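After this come two complexes, each holding chain A, first together with chain B and then together with chain C.
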Partner chain A sequence: MNAKILTKENLLSFVQNLIKTGEVVGVTKKDGKFAFDHLKRASDLVLDYDVTLLPPKKYVMPQRETLIKFNVKPEVKVEAVVEATPFTLIGVHPYDLKAINQLDRLFEENHVDTNYMKRREQATIIAVTPTRASKWSFWSSMNSIFVETGFDLLLTDIGGRYAVEIGTAHGDELLKKHAKFEEAAPADIEKLESIRSALPKMCSADRKINALTHEMTAILEIHRKSELWEKRAEKCYSCGSCNLICPTCYCFDVKEEIDLNLKDGSRYRVWDGCLLEDFAKIGSGENFREKRADRFRHRFFRKWSYLAAKLTEPACVGCGRCSSVCLPDIADPVKVINELKEEK
Partner chain B sequence: MESLYRPELATITKAAPMTATEKYFEIKLNSGRELGHKPGQFVEVSVFGVGEAPISVSSSPTKKGAFDLVIRKVGNVTGKIHNMTAGSTIGIRGPFGTHFPFDETKGKDILFVAGGIGLVPARSFINYVLDNRKDYNRVTVLFGCRNPNERLFTDELSLWAKRDDVEFLETVDKPLDTNWKGNCGVITTLFPKIKIEPANTFCVIVGPPIMYRFVIKEALDKHIPRHHIYVSLERRMKCGVGKCGHCQINGVYCCQEGPVFKYSDITHLEEAL
Partner chain C sequence: MTKPKVAFFDFASCEGDQLQIANLEEKLLELLEHVEVVSFREVMKEHSDDYDIAFIEGSCTREADEARLKKIRSNAKIVVAIGACATIAGINALKNTRPLDQVRKEVYGDNAKWYETYAARPIDAVITVDFKLHGCPIRGDEFLALCKALLTGQKFVVPDYPVCAECKLAENVCVFEKGMTCVGPVTRAGCGACCVTQGAVCWGCRGLVDDPNKNAHKEVLDKYGLKAEEVMNKFNLYFAYQGGPK
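And now, the complex of A and B:
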């Protein structure tokens, strides 16, 4: 293993240098919780957080993103819009990075989504090893403890100092240009390795899915007709919160706006959610997933079966956000999969 | 990298009402290029300032220079386009999706079963077959709609009825107060009237969601093999490129692996029919 070392002061000045040269987004405190936000000063950055309210997905797939602009008068004209400017994202946990890595594949496969890919190319990602886990997280069960790709730099707190692993040439360059660092000593590497080896136990013991990831897919498939879906969905508000906070949900709706001058307009996409009642409704009024239970089940199958087939791993990274925001407490994958496994 | 979401401009060259809710449009791409679709594919139609809607192409690829759409007025985009006339500019993305088996069926018998507006996509294949008539063996077309006022492409229906190389049968659920002299009853009542050689027959079914189960049962009862039965399914294809998630049938993106499906490929998908 190879790593560089940044003291806390040197990390702060590194981040401050990044802020001076461009847009930086980092984890900040927000009403006693944590959120990715525009970073005004390096001292606002929090790296020892448990989980952020929303995943960093919103910076690679914004809640609202313009796709085309058009004029309708005097003559109709249309142009493609790609909104992408360089930015640095600091403080991404491995599970959230794994989700971004999955989105990269899904937006690129078959038809390359230029809007997503161009934006993604503009992102510099500085990941950080978690120092604590939220009470809902189960990333250990989802193979999301470590991530090998997707970051430019990976920071790990090794006790008052940070070990920096380099993921890309761009990350290396950034570090050389903007940071004062030293080479890691054997003792630093030892510390880093011991921290890494303790990570699998960071999620609390009761936040464990009692199956390997590929077994989870099989458990769902076997229990497609289980009463569990109906029973849990009886309490579902169809609010779509589980979709909204999910780092791997990427379904979108397309909307349109025309300016008050009635000449110019734009078409944009916004996040959508498969739990919302009208998600599969067509123009004539037919709704192909009208029942709550069908929508509730669809989300699980999409994560653990449909997308899992494309990604060769479930599209759930174990962040636990859906479990924490679900008011009737029906969305928790740990409970759902463990309960299904217990069924005959 | 080209944007997936930028429509190309197109012009309505003809517009004519067909029924109380359906209107016919002939469309030319402003670039002059051919749409290049295959029978059964769809396009995303833009009315700028209102939005986009997935619409089946109704003309056969053998029609050159322009293509046909028949649009039912059901929402914002389709409502707005109904007010548009020849000369208006719209946007087109596509063609998208899978197509009817025009190659695999060469030398075989084809049984078309179209219900109501299902005739619109089916027509792209029917006319393709009729324009290449010698490539195919027996051709049977069954068409049913709710009442005589809902019949589409009435001129073409009479032509098909007159041709001796096409067996054409149609029915209406209810004649209402028209002077309809033809068959009455749902579309499945036409099945006892036809003779087919099941092993050599491909069956193409397009209609409203409710129709599929009943018609597929008739086809299976006639011993047409599952892998010879094709259906075209309607879903909410928002993006057309397999990203937005709206058209998913279990794990299948209807805009990518459909809208035309071989029945044997979807029998295990409980959300399909």
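And now, the complex of A and C:
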């Protein structure tokens, strides 16, 4: 293993230098919790956090993104828009990074999504090893403890100092250009390794799915007709919260807006979610998933079955956000899959 | 193209919705390039009965209102109910939960017998309404969006999902995690969860979604320690006309 070492001070001035030279987004405090936000100064950055309210996905796939600008008068003119400028994302946890890696694949295959890919190319990602887990997280059960790709740099707190692993040549260059660092001593590497080996135990013991990821898919398939779906969905608000906070949900709706001059306008996309009642409604008014239970079940099958077939593993990284935001407490994958497994 | 003629009317209300429109200032001037306002008490004295689009604020709370509403309906091609009082009877409907005589005495005292009043109803309980602008008060930008849709012949879409969805997009911490409660899970979105964003809770001013899971929410409010009466009060503030959980 190879790593560089940054003291806390040197990390701060590294971040400050990045802020001086471009747009930097990092984890900050928000109302007693944490959120990715534009970083004004390095001292606002929090690396010792459990989970952010929304995943960093919001920077690679913005909530609202303009796709086309048009004029209807005096003549019809249409112009494709790509909103992409360089930015650095600091503080991404491995499970959220794994989710971004999955999005990269999904947006690239078949029809390449230009807007996504162009924006993604502009992102520098500095990941960080978690120091704590939210009480809902179950990333240990979802193979999301470690990521090998997707980051330019990976930071790990090894006790007041940070070990920096280099993921890309670009990351290496950034470090050399903007940071004062030293080579890791054998003792540092030992510390880093012991921290990594303790990670699988970080999620609390009761947040474990009692199956391997490919077994989860099989469990769902067997219990497609279980009463569990109907029973849980009776309490569902169809609020879509479990979609909108999810790092791997990538569905969007396309809308148009015209200016008040009734001449210029734009076409844009916004996040959508399959739990929302109108999600599967089509132009004619027909709704493919009219029942709450159908929508409720669809999210699980989408993530653990349909997308799992494309990605070779489930499109859930175990961040626990859906579990934490669902007020009726029905959306938690740990409970759902464990309960299904117990069913005959 | 001749400009469509627009008129504003108010019934039992605070005129806060018309104020939101008057407050659009420059945007309102821009809109006036495309429409002609023939009646708008908030900003002008003139009045005409020749109009295409009628914006109606307020609830129907007495018999005399019905005739006036029917006249507006017969004059206008398009009727839009604006604000919670007009769309869901709003807080006017709070009085529906109590004996009317008592309510009348409280408000008008000894003069109660001079004031005719009955249970508050939304506009569409009396006449057909083509569009609704929800909220207490309405949002200026949603008013403009409807105007643009009408002027260009586009579909006007009102969200039919709970405020929670927009609350998530706003990246708010849910008030249930902060020792408060709200009715966002059954309330129609479209406001961006602005009240929660500003540190308050959702009171439900945009009314219920089409298929609200009221019983699930009653259960959640129970679980978070609200007494049965408090749960009813939560639902009654804006949903008294639409109805609470069973």
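The criterion applied here is as follows: the second predicted complex is superposed on the first by the 344 of 344 C-alpha atoms of A that agree within 3 Å, B and C clash if a C-alpha of one lies under 4 Å from a C-alpha of the other, contacts with A are read in each partner's own complex, and residues count from 1 in each chain.
Quick note on the criterion: a residue touches a chain if its C-beta (ideal position, glycine included) is under 8 Å from a C-beta of that chain, and two chains touch if they have at least 3 such contacts.
Values in this document were obtained by computation on a predicted structure and should not be read as measured data.
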Considering only touches as defined above, state whether A:83 meets chain B (first), chain C (second), both or neither. neither
Based on the superposed arrangement, let me know which partner A:305 touches: chain B (first), chain C (second), both, or neither? first
Have a look at where A:230 lands relative to chain B and chain C in the superposition and call it first, second, both or neither. neither
If we overlay the two complexes on their shared chain A, which of chain B and chain C does A:258 touch? Say first, second, both or neither. both
According to the stated criteria, A:23 is in contact with first (chain B), second (chain C), both, or neither; which is it? neither
Taking the superposition on A as described, I'd like to know which of chain B and chain C A:241 touches: first, second, both or neither. second
Looking only at chain A, is it chain B or chain C that touches more of its residues? B
From the superposed pair, tell me which chain A residues show up as contacts to chain B and also as contacts to chain C. 256, 258, 262
Sort out for me which residues of chain C touch chain A in the complex. 27, 30-31, 33-34, 144-145, 148, 151-152, 154, 160-162, 164-165, 167-169, 171-174, 176, 178, 185-186, 209-211, 213, 216-217, 219-220
Of chain A, residues touching chain B in the complex: 67-68, 70, 72, 75-76, 78-82, 106-107, 109-115, 117-118, 224, 250-256, 258, 262, 265, 267, 269, 272, 274, 279-286, 288-289, 294, 298, 301-302, 305-306, 309
Note which residues of chain B are touching chain A in the complex, please. 1-7, 9, 46, 48-53, 72, 74-75, 78, 89, 91, 209, 234-236, 238-239, 241-246, 248-251, 256, 270-271
Would you pull the chain A residues touching chain C in the complex into a rising list? 30-33, 35, 53-54, 63, 234-241, 244-245, 256-258, 260-262, 271, 273, 276-278, 292, 325, 327-328
